[in-house]
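Look for chain A in each of the two complexes below; its partner is chain B in the first and chain C in the second.
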Partner chain A sequence: MSSFVSIVRDSEVPRSRPAALVLLRDVISTRGGRVGAVLVGVVLALAFLGPLVAPFSPTALVDSPFSTPTRAHLLGTDMLGRDGLSRFLWGGRTLVLTAFAATMMAYLVGIPLGAFAGVRGGVLDIGAVAFSDIMLAIPSLVFVLVLIAAVGPSLSMVAIGIAAVELPRVIRIFRAITVEVAALEFVEVARARGETTASVVFREILPNLWTPLMADFGFRLTASIVLVSSLSYLGLGQAPPAADWGLMISENQIGLTIQPWIIVVPAVTIAILTFGVNLLTDAFARRIGRSSATPRG
Partner chain B sequence: MNPLLREIVFRLGAGVLTLLAASALIYLGVSALPGDAATAALGRDATPQLVEGLRKQFGLDRPVLERYGNWLAGFVRGDLGHSLPTGVPVAHVIGDKLWNTVVLAGVTMALLVPLATILGAVSALRPDGIVDQSTAAITLSLIATPQFVIGAILAVVFAVWLKWLPAVSLIDPSRPIFARPSILVLPVVTLLAAALAQSVRMIRATMIEVLDLPYIEAARLNGIAAWRLVLRHALPNVVAPAIQVLAYNVPWLLGGVVIVESVFEYRGVGLTLITAVQTRDLPTVEALAMLTTIVIVATSFFADITVILLNPRLRRRA
Partner chain C sequence: MTGVVLDVRGLRVEAAGGVEIVDEVSFAVHRGEVFGLVGESGSGKTSTALALLGHARRGTRITAGTVEVDGRDVLMLPSRVLRHTRGARIAYVPQDATAGLNPRHRIGQQIEEVLGAHGKPRSAVAPLLAQVHLPNDAAFLRRYPFELSGGQQQRVAIAMALSCHPLIVVLDEPTTGLDASTQARILTLLRDLGADTGAAFVYVSHDLAVVNNLAHRVGVMYAGRLVEVGGREGVFGNPGHPYTSLLLASVPRLSEPRALTGISGAAPPPGHRPRGCAFAPRCPAAVARCAEQIPLGVTKGDQTARCWRAWEFTSSGAAARGTPRAAAASEALLTASGMSASYRQPGRRTQVLWDVSFSVGAGGCLAIVGESGSGKTTLGRCVAGLHRPDGGVLTLAGRPLAPHVTNRTSSERREIQIVFQDPDRSLNPRRPISEAIGRPLRFFEFAQDRVAERQQVLQLLERVRLPAGMLDRYPRELSGGEKQRVAIARALAARPSLLVCDEITSSLDVSIQAAIVAVLEELRRDGLALLFVTHNVALVRGIAEVVLVLERGTVREYGETATVLGRPSHPYTQQLIAAIPDLRLGAGADGAGSVRTSSTPGRS
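The block that comes next holds the complex of A and B.
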């Protein structure tokens, strides 16, 4: 973790966002980072532009169920006879958006909370650390499943549940970094100047969390993508008849031996997405000099 | 009191406290959410009369703290509560499926430990060598891939295209699982894929650190062969971190079991959990979540104790 602080210390203007942009450029210039960026870019383009070029409606019945690929239906049809390619082109958006929303919610709550806990110490700090430790003893997937069983399955519940399991991890990381940043001179000066805790957090600490945020973002996003797609696969996320990559795999699994294409293509696409994000994250970690093992749980 | 014993008692206390807090989170946290177990379990059939009857029958009309106390007391006695709306004891719902899950997780762990250690050690021996680079490339691609994706792709390749293995792992309850070991292969490989990726990375990193220590340098200068250096001199110092790595993998492995059992229709507790979530059988879901947490806290407790016992310095200081 000390490396984050050294970056803060080394840069001439400690609180500038451009330092983070320079970092981004450095990452893209490595081979792994470039490949990762291209893979992620392709899948994102597919997810967001796909619906515009889909040849059929994702819910229209066009042929008999589980027809193998033909010129008219490049990925064949699914278990109800809907066009596989169209459903594939429609099916990425919810995954990407839900994963992104969950990550953002966890950050919006977790970073200020972690920063306050780190600066303030005391009961708030103990409480935040204890909460994180308890949450980390329950597997992410199981915790989200409990929430869904209580409130009922829906995409927004999936996003909230994932944000809830990411929250303790975000608090932990940003609390630890805050403790380090808070020991630096400019924070001490700010305190000596008589700045309030809130002012220290928002004016001195938070602007310095851009680099760690960018390094952490990939980990959080990957974990969210894995959870969102897994819950969709289990039939607890996107409700049918809407198209979704995770759901496509489970609803067509019964026809696996006749029509594997409609399973293979979304599966490989999800794998490409997580691999791409992981390559980018790895390139970031190397650039910052942090161990690149994916934190998860 | 013996300092070692004191350390063990302290960790045990911490574990019990964690479990208590987790149980409060699972039970009280959920009861603070909108809706209740009876309404959820009845779903569309819920009429006010039916919901009221079910609530009375299962004591859901009692104050929440009282219900939590009863639930917790039941758990300590081994009573896991009752499934809703059928009222079947959760222990019966789980029944023989627990053994199937234990087999799946156990076989995976039994393969994970030696494979991770060997691959990690070999990769560390020549950092950036062929083994290291290919292992790194494979782990990087597997580490973040959802298990259902790995499972689905493996099923297509090995069951549909190559026709070597069954695509679903249906268990005949009248025969032992090991009578048809082929049904275990794909679920275990799927679970291993990502767990192995994570463990190899961490063991490799520890091994490289250990190989960098002065005593290894001294042994190297004495002309000891590389393999012997790793096996005799470095490996014993990697055991403790390796145990922690594996304990760290347990929560993730348990989450993975849920997914993998669903992918291969493997009749285990994970599949029971998913069914319970889909039918919104909250008591069963809560009981299974609590059981999972107990397993995780217990593993991390035993891992900590083993690490202390293995390390003479910690043993004395503790």
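The block that comes next holds the complex of A and C.
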């Protein structure tokens, strides 16, 4: 009697590509996303491929201090007479890597903590939120400065310090999203089956945090880049004579009026990087907002 | 019927990139007539309704056709004239009345504003409200929209639409989201208004029974095209298009319990519609040329169907049959006695269930029916252990059952499974179908390894009539009905003895609903017991042998379905049943008072 019970033929089922690829393609197809991707790509290429093409060693003395740009030294020289271009090409890698490592550490600790707090509730939740609120009350730069003053400056301390500053924000954001996801019925189904909290978090919640993560990543990374460069400007990041964009700005500032290139170029590059990351993030956020608000019916 | 007041010809609405949403829609509406425009979700009925006012939704454009209102094409009018035409000659009532009313303005103020915009005196407010059976005293006029019930808000929206004596009122699903009894009162009102004001109504709805009770003429839409149009008796009594016949066979009827047939597959969305007839891939009567082109129309009397095989196909599935046989009144699988439950908010406790008792036999089906707010969902959640009741005892196969899942044993948790209303919320969007169904198999150790698991997942897909190709898909790649089948398959993976179905067909189109019900019936034959929670009383008739009627948390009636629905003894049940529009012919627009309801003006 139920002869018309639906049997959908295979060919009729619409197939779509993995969500992440589709998302990426959509983001690149917007103007903001495209410009952002190009800017970020150029700066990352400079930072990672720069050392391979640098004409001189970043620490070799090649000319008199603060010489203006010449054909041999396109960005002139710095306060010790080292080649500006070579130092610039060498100086991005640590900055980007440190910022990236700090952001990743904050996510690795913050997302599971936020997700567990959101699913579990109770003491864990209250504790996580209280910790975040206290941390958020302390100015970021002051916190990292005090931490480094206490432990001593090193690149890994900078990364840990910045991760600690980002952590409360990550916890709060991902806890809030988790609470929303946990109210959905597939989470209820999993709990009714008797799944453990860890299983609920890892199987049901975490996969749903991917999209918000992509939107949040840019903000976190930008904040980290700014903090890392501020710290190296203050002399708390890489120790001289290593080449570093932040350090280049601070060590050459007495020569600003004679040889501005050695300062302006790294400063503008950092600005371009953060600007590009923000454009890309905006494109992600807009795309995600649109897909969730797609009208039905 | 004198004179055509609305004449639509060759209407086409496109989305960006020339994707057709609506195409080749032509129909006419006569003075004082109710024209019902029916279709399932995505059929383009709302886009058509808006086009009648010369409006296209954001991202869409009207690219061809004419819409003549009283002889003038609204699509050609300059925007200033069009603005005046809207309201004065053709008015619109949206589905969601709250969306049409400004929440910060008083009711009286809002109606006056509409009148003012068309140069009408303020004194017209009172008679207008009287016309829609609303109080018109100063106190009522000073109320804000949120101080009105859903039915009252919809009446205000209708009053505003009628304020300038338009020739045509377009109503887009005006009773969807309202309770059956409220809906019945609004329908009675609309029919009276049609007779009193002489305005023509274009009534857009997915609900065939409602349209049957209201319309003089009916247009059936499928995949953006009007596939059949004609008089109500003709379209509903002797449909020409196979889609219409199958759609009618999908609607549960209170008057005659029978097997619902449903329609295989799903309607193609805009941009994926085939050349030729869009229904051909699902049509049991399709022939080769259906895939090539569609006839302009095959006419029979006042009825036109756009099908090469019009009137050649009749749905055979609608075999009459008795109420589902009562399961051998053997031992009770689940019993509930004296259940009470409430929701707690800080400083407030709202009781939703009082002293509810029932039992479900092994392999039996108990339907819990009630209007919104009756506590039926809470009752289902208590059984599933998702809501902790305040009191009462649950037993499963004779053994007492802990009130909350966390305190139940693994096998108790396994034996009672729940399926929710909205599959978009109940399936993890980031997990493939194989994982959604496979996880319970692994969790309850039914599958020892991946190979066995995959095998069993395939069997489960087969049981809910889904193709094996679904295995590696994600929920977003599936249609609503398919997702709901996956949710059922996931519940079945736990090998339950009782399935709690919480409004599982409410968000689905009727043809899909019928197919899901057919799946449930097969499962019942395999010995699965169901607790079927629904607001759809007509649907219960064909599914459950026992029914429990809830009103505001209290049991009003409990007994065999045929008895309770056939000869209801409690006034509430009588009222509930009377409010259901039926698809029976003869219960139509011309037969006065066919929506059998005690119409109490004012409060709705």
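The criterion applied here is as follows: the second predicted complex is superposed on the first by the 272 of 297 C-alpha atoms of A that agree within 3 Å, B and C clash if a C-alpha of one lies under 4 Å from a C-alpha of the other, contacts with A are read in each partner's own complex, and residues count from 1 in each chain.
In this text, contacts are C-beta pairs under 8 Å (C-beta built on N, C-alpha and C of every residue); 3 or more make two chains touch, one makes a residue touch a chain.
For clarity, every value in this text was computed on a predicted model and none was experimentally measured.
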item	value
First, second, both or neither for A:R203, with chain B first and chain C second	second
Chain B versus chain C as contact partner of A:R193, first or second or both or neither	second
Partner chain in contact with A:T274 - chain B first, chain C second, else both or neither	first
Which of chain B and chain C A:A130 touches, first, second, both or neither	first
Chain C versus chain B, contacts on chain A by residue	B
Footprint overlap on chain A, where chain B in one structure and chain C in the other make contact	296-297
Of chain B, residues touching chain A in the complex	18-19, 21-22, 25-26, 30, 33-35, 40, 140-141, 143-150, 152-153, 155-156, 159-161, 167, 198, 201-202, 205, 248, 251-252, 254-255, 258-259, 262-263, 273-274, 276-278, 280-282, 285-286, 288-289, 292-293, 296-297, 300
Residues of chain A that touch chain B when the two form their complex	130, 133-143, 145-153, 222, 225-226, 229-230, 233-236, 246, 249-250, 253, 256-257, 260, 263-264, 267-268, 270-271, 274-275, 277-279, 282, 291, 293-294, 296-297
Residues of chain A touching chain C in the complex	1-10, 12-16, 19, 184-186, 188-195, 203-204, 207-208, 210, 296-297
Parts of chain C lying in touch with chain A, wherever the complex brings them together	41-42, 46, 246, 259, 261-266, 272, 281, 284, 317, 319, 384-386, 405, 410, 413-414, 418, 420, 422, 425-431, 436, 439-440, 443-444, 465-467, 469-470, 473-474, 476-478, 481-482, 490, 494, 512, 515, 518-519, 521-522
